[in-house]
Amino acid sequence: MIRGKVEIDIEKCKGCSLCVVSCKQGTLEMSKQINKQGYQYAVMVKDNCTGCENCALVCPDAVITVYRATKKKKEPIAQITGVKEDITISINSK
Amino acid sequence: MVEEEICLEKVYSKPTTLLDVKMHYCPGCGHGVVHKILMEVVEELGIQESTIGVAPVGCSVFAYNYMNIDMQEAAHGRATAVATGIKRVLPDKYVFTYQGDGDLAAIGTGETIHTANRGENILTIFINNAIYGMTTGQMAPTTLLNMVTTTTPFGRKVEANGYPLKITDLIAQLPGAYYVTRQSVHTPNNVRKLKKAIALAFRYQKEKRGYCLIEVVSNCPSNWKMTPIEANKWLEENMLPYYPLGDLKVPPKEEEK
Amino acid sequence: MGEIRLMKGNEALAEAAIRAGCQAYFGYPITPQSEVLEYLSKEMVERGGIVLQAESEVASINMIYGAAGAGARVMTTSSSPGISLMQEGISYIASAELPCLIVNVQRGGPGLGTIQPSQADYFQATKGGGHGDYHLIVLAPNSVQEMADFVFDGFDLADKYRNPVMILADGALGQMMEKVEFKEYDASKRTIPAWATTGKTKDRERNIITSLFIEPERMELQNKILQEKYAKICETEVRYESIQTDDADYILVAYGLSARICHKAQQLLRKNGVKVGLLRPKTLYPYPYKILNELADKAKSFLVVEMNAGQMVEDVRLAVNGKKQVYFFGKMGGVIPTPEDVVNEINKIMKIS
Amino acid sequence: MLQEIIFAGFGGQGVLSMGQILAYAAMLENREVSWMPSYGPEMRGGTANCITIISDEVISSPIISKFDTAIVLNQPSLDKFEKAVTPNGILIYDTNNIIKLPTRNDIKIYPIPASQEALNLKNSRVMNVIVLGALLRLRNTVKVESVMSALKKVLPERYHHLLPLNEKALMRGMELVNN
Amino acid sequence: MGEIRLMKGNEALAEAAIRAGCQAYFGYPITPQSEVLEYLSKEMVERGGIVLQAESEVASINMIYGAAGAGARVMTTSSSPGISLMQEGISYIASAELPCLIVNVQRGGPGLGTIQPSQADYFQATKGGGHGDYHLIVLAPNSVQEMADFVFDGFDLADKYRNPVMILADGALGQMMEKVEFKEYDASKRTIPAWATTGKTKDRERNIITSLFIEPERMELQNKILQEKYAKICETEVRYESIQTDDADYILVAYGLSARICHKAQQLLRKNGVKVGLLRPKTLYPYPYKILNELADKAKSFLVVEMNAGQMVEDVRLAVNGKKQVYFFGKMGGVIPTPEDVVNEINKIMKIS
Amino acid sequence: MVEEEICLEKVYSKPTTLLDVKMHYCPGCGHGVVHKILMEVVEELGIQESTIGVAPVGCSVFAYNYMNIDMQEAAHGRATAVATGIKRVLPDKYVFTYQGDGDLAAIGTGETIHTANRGENILTIFINNAIYGMTTGQMAPTTLLNMVTTTTPFGRKVEANGYPLKITDLIAQLPGAYYVTRQSVHTPNNVRKLKKAIALAFRYQKEKRGYCLIEVVSNCPSNWKMTPIEANKWLEENMLPYYPLGDLKVPPKEEEK
Amino acid sequence: MLQEIIFAGFGGQGVLSMGQILAYAAMLENREVSWMPSYGPEMRGGTANCITIISDEVISSPIISKFDTAIVLNQPSLDKFEKAVTPNGILIYDTNNIIKLPTRNDIKIYPIPASQEALNLKNSRVMNVIVLGALLRLRNTVKVESVMSALKKVLPERYHHLLPLNEKALMRGMELVNN
Amino acid sequence: MIRGKVEIDIEKCKGCSLCVVSCKQGTLEMSKQINKQGYQYAVMVKDNCTGCENCALVCPDAVITVYRATKKKKEPIAQITGVKEDITISINSK
């Protein structure tokens, strides 16, 4: 089950590797490729990301976006109880 | 009728107060991290409209290209004088300076001490990378003993250049200084702590408590001639023993609400 | 116009600043202008203004930068050595185009010198004592009345052109008492400029105050913007007083205190039938080149009188451009020429020509 | 009319205010006036002086080195300014503590016992006003009423009870040179 | 003469300072001249000299004051904003008549500006950026070779006249590499001046270094001493290079890097048969007024080329004194004019005249 | 054959190192006392030939008219920079600066801190009279709270001007500073103590120990608008509680011989 | 003879020393030379460049904006300087990591696999020397011996064992444009 | 018996009175006269001076010279003992 993931804006990455060493999961590595700026960039090489934000916090170029899995109770958007008369209820969910 | 669903929620992204442009900083430079964290706080406190930044010359002189707030660029060393000018005429705005060690602790020593002593209601973020970054690697007042720079090719020596200056410790002595702390950004946890410190300092500014100074012990991979990873390791092993992290001055308990 | 008062030049200037709606003053004590700071520390503070004694002149001028950049009407004052210390800051302010008023109550130099009056900072004020191509608008009062009047004008010009304005006075004008009457002035009509850093509201882009333009092309553009502005100022804002120049054989050129002395000399000479005119620049930048050049068509020669070793005389020579001889008479180091000195000089010139 | 007057003495003898009151009075009479104090550290150690110029025409320099009238209240000032009086000018001095007397004979010299008279009036601070009175009589610089109005303007409200005393001192000064 | 080396201008200047017997250097980093401090921090220290990175330019110039007053041969270097900060100190040094060498490797201003080369500090250097009537001797190198040569000359002139000397270079001259050969120079012949504060021995009165002359008469005297010295300097020390001016219809006037560009333009124009001369001042103060005035008798007109908005052109106009037209062409803010630009300007002028 | 005779021996007179001219100081001003004591020490140590003094602008700018030694007059605030220039080229001479509070603690703050931090081998005599004497009575950084000066007509207030700056305490923190003490000259015994302190500082300078600072809490009868006697009393009652006399930093024991 | 050459690439690729060695070599051949680096903060973030001018006559400006030869070692430099080559000039570039190829057809363009060749020579740092070799062959700027002497002068003693490798690299560069 | 005395250079005295209050003996007072500078000057009004130097130490104008009585044994300038032969001794005392 995925617990988190990161998105890296590779064209703005400067290849400093600080995210790589800050990730306790070993999720990230530097690519062999270089970007237009001439830097190797960071990439996710495993899907064990916990969404801990460590990598993003230390990224000097603010190119990492972090997502974390949240368990949401899937609940009905409304519950109607005790209908006593003959009425019409219209529900608009966005 | 209740089911469970897994959904990826965005928990961390570049703050909107940081403009979406490439920063000119070298790879791995602490300036970028501090910029980001500072702007995160501004975003989260919702004070973008009432925050004015001052960045003097130094690598971060271009901060105004990145921070999406009103800013003034200041002459070398004069950031807190400029900030004083702003704050005195706009006492209800948040005013901060963002200064390097050369700026704050060499040419700007007088301004720094007197701004703190007056208890100006401003925040100074002080990036101590023990070097003149912008001018490519000369000795700073905070350069460590025996550290080699372009102007100390044989290492900094006490006899010639004196001791690394702990200006933050001096500032903490002044009654006008309200909150003085030393932080870093070389690990995720330190980044988290810095963020709290900045938020606290803005709160104090709102309460008109006086001068707040946050030193950030930072790196300069380019002029230290190291990779960013090496630089952060060097920072931990050499800078932190001399510039230990932590609060140097916190408000007396009863004032805290 | 109100009551006539007897005031020191420094105090009249300070009072005028308050009346002109000066919101903040930053300065550092130095003789012979400390009275400005002292007067404001009482009067302006009582009337709700901001007055801060800075830790140095360097700090003062940078506080001015900050406060002007934040949209306030601001002033600093000092005297020669203090003004020298401000040169970096002044260059920044000019480059970032911040309106403000800087007052130099000159004393005798160079160095620590003497505290007596002098006009030896003319070059510094008009040609740019700081680095780079920039100009202050420079106003030269010659009485306590003008010490007051030029403050109003100075603030208005600063705003009109987004340019620092300097009042170039001297120790005598600052220390002496004369009659002064303050003009009516509605300070409330000034609004906060749109470019000021007052906090980036949603409805506008962020405002940036800077003098850094790292690409030479952008810096060149900034310089062109400045030069165009200066050209416009030179076209529009030249101010001078011309006394009996129409029929004059000899034209005295002097500003400030020297001009008063020349005026007296002129009266003495006229009594003896010598046709002497006086051209007194009130603006030293922009300089009244044109009128001087025109006068050179009629007059026989010019005598420039300054309390220095000869500075404005260069501008007069540039104006006259070889049409006629331009002579110079000056006293240095805090010594003030007398009307008799000037009469003697004119007599000498009459003998030569 | 043009009068160029120097007032000189120790700090504390009220030389600066003497010159200032005179200038004020002349201003009230619609004259052109200028008042110029000595300034800066040379004041220290005691001596102070000021120049008051009163004229019907525009005044050129407020700083001049020759005076038609010198009013000196101590020996150092006497030594310094006796020679600065223009021929036919006048020199008024307080006789108290003057050992070396003035010697010029091309000027008119008026020694007056102002300090002594002030003691008689039981207020040593009006010494300067007594001297001022002498000046008024000798040079007709301004009217007595103008000086009184000037005093009223210049003195803070809380000292206004001293106005009659000052008037008396002025009169006394005029009398002293009457004879 | 020794080995020919390929060096940066800043390094050549630094090396020359060591060879000229510079005993102490005080300075503060600023682009584009930090190489001087960097070079000396290694080379001069190794060879026993004193090198101190000061806490600011204000501190540097005052350390220079102290060390020069103590009789040492001393130097500081900076670039435009840093030089502005030194203006008070420079005025003091000039007034106290202390020999020393101050180097300004100019960058584009005003304000923080750009770090690219510029010549916009001409007024500041030659007319006095600080307060009061004083002058620096100003030398303007136009090659790496002269960056070295003028250091020797500068130190000698400073001692000869007890006057501060400025080398006014620019970012390009500082950063570029060219050939350089160091001249033989016997640094040991310099002796400690008798007026220096080295400790009052029994056989002499105490020595005092001061610029304070509180009585205006004494200050006036000091100014007269200075002015006489300046007059002598103007008589004796004017230096310039005159290239093919004899037959020239058009005279280019330029110094430093601009002069090299003009030289190239001159060659291009001469190829096309246009008789162009080049007058290159090597001393900006004293200024070669006389030769320019003489040239005005023969030439049709003048074109002054500067990397600024027009500063030295005023001195050329003063020299020519209306005899002929003086045109100006400049680039600002760190932009460098090209030889083609200059050729175009001359072509335009030819069309007008 | 041995008789007794009474004979009057001269035990105290103006030192020969002080020129026999009238000083321009106001009656009762502490500057005169300190000049005298300083020159006594120079005379007694026999170092007149090797002592160079630096006096910046301030009332004591004319010190060179009184002290019979080589002297340099310095720009406002720059005395220690000038002294650094001298000392670096003449390391074996004794160099001292003589500075006022405006000079040392306002405009000269940067120079003061950095000179101390470099451990320059010089002595600074710092005359703290809590006012700008020379310019006739403006607030100094050391002006006490609520003290009325020409620029604080309502008394110095923390909100506007900050706290009186104890710069000597800051200097004492710096490792480059070797000996830092606060003295006064308002009583004979204090004068005696000052003399000892000066002699000690010169000894340390000879031993190349680093920066020495002697603050002298002094008076300014003229601008305090008091008689000299009142001024010294006011000094004792108001200045000394805030600026207590005594050593702030003395050499570690083992270095003392 | 006049050659105006720009060298541009990432910092660390040795562009500055390439230009400097060439200038040195030309100096050894008694030419007038100037070498001008880009300087200041714009160096940061990677790109560096320098201009080397070699001439038989005095050199006017060391800073010029058009070049007869451009040598570029990365994409941003190629993008920036392709347009700065004068018509009929030449453009040499290292093919490594170049995505957007040059497009002008009024200049001569030489793509060379210098990085690759450097790897073949087992020392990526000689990449710049390989390119220099190509330049020498194409423009006859200076003699190979001069470059070797220059290298000897410029390289610190401790690197002199690398001289043979550098010579090899130079030769390899010349061969690469031979065909 | 006199234990000490002071000499005051009255023309240079500035009348600050600090010497007067520093003297525990009450030896000094300010004169009624003023000197050429215009100041009342300090004078010895008693002869109980102990020569303690207090007044001189605090005098800002260094105008006080202090003398202290010392009891000196009045000894012959030389003693000649054990004269055994017929010699001539000449003693020059300065």
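Order as written gives the chain letters A, B, C, D, E, F, G and H; numbering starts at 1 within each chain.
In this text, contacts are C-beta pairs under 8 Å (C-beta built on N, C-alpha and C of every residue); 3 or more make two chains touch, one makes a residue touch a chain.
Not measured: the values here are computed from a predicted model.
Chemist: Minimal path length between chain B and chain D through chains that touch?
Modeler: Counted as steps through touching chains, the separation is 2.
Chemist: Going by the contact rule set out at the top, which chains touch both chain A and chain H?
Modeler: Chains that touch both chain A and chain H, as defined above, do not exist here.
Chemist: Compute the centre of every chain as the mean of its C-alpha atoms, then state which one is farthest from the centre of chain A.
Modeler: Centre of mass proxy via C-alpha means gives H as farthest from chain A.
Chemist: Distance from the CA centroid of chain F to that of chain H, rounded to the nearest Å?
Modeler: A distance of 29 Å separates the two centres.
Chemist: From the mean C-alpha coordinate of chain B to that of chain F, what's the distance rounded to whole Å?
Modeler: The computed centroid separation for chain B versus chain F comes out at 37 Å.
Chemist: Where the centres are mean C-alpha positions, what is the separation of chain C from chain H, in Å?
Modeler: 61
Chemist: I'd like the Å distance between the centres of chain C and chain G, where a centre is the mean of that chain's Cα atoms.
Modeler: Chain centres of chain C and chain G, defined by C-alpha means, are spaced 55 Å apart.
Chemist: Mind pulling the chain G residues that touch 2 or more other chains?
Modeler: If we look for residues of chain G contacting two or more partner chains, we find 40-42, 45.
Chemist: Check each residue of chain A and list the ones that touch at least two other chains.
Modeler: 14, 37
Chemist: Could you pull out the residues of chain F that touch at least 2 other chains?
Modeler: As it turns out, chain F has residues touching two or more other chains at 25-26, 57, 61, 73, 75, 106-107, 109-110, 114, 134, 136, 141, 161.
Chemist: Which chain C residues qualify as touching chain E in the complex?
Modeler: Residue positions touching the partner: 58, 80-81, 83-85, 87-88, 91-96, 106, 108-116, 118, 120-121, 123-124, 127-134, 210-224, 226-227, 308-309, 311, 314, 317-318, 320-323, 331-335.
Chemist: Of all residues in chain B, which touch chain A in the complex?
Modeler: Within the complex, chain B contacts chain A at residues 1-15, 18, 22-23, 25-33, 35-37, 185-188, 191-192, 221, 227-229, 232.
Chemist: Which stretch or stretches of chain D touch chain C in the complex?
Modeler: Contact set of chain D toward chain C: 20, 23-24, 27, 32-37, 39-41, 57-65.
Chemist: In their complex, what parts of chain D are in touch with chain H?
Modeler: 10, 45-46, 74-76, 97, 99
Chemist: Which part of chain B faces chain C closely enough to touch in the complex?
Modeler: Residues 48-52, 54, 57, 61-62, 64, 67-75, 78, 81-86, 88-90, 93, 110-111, 114.
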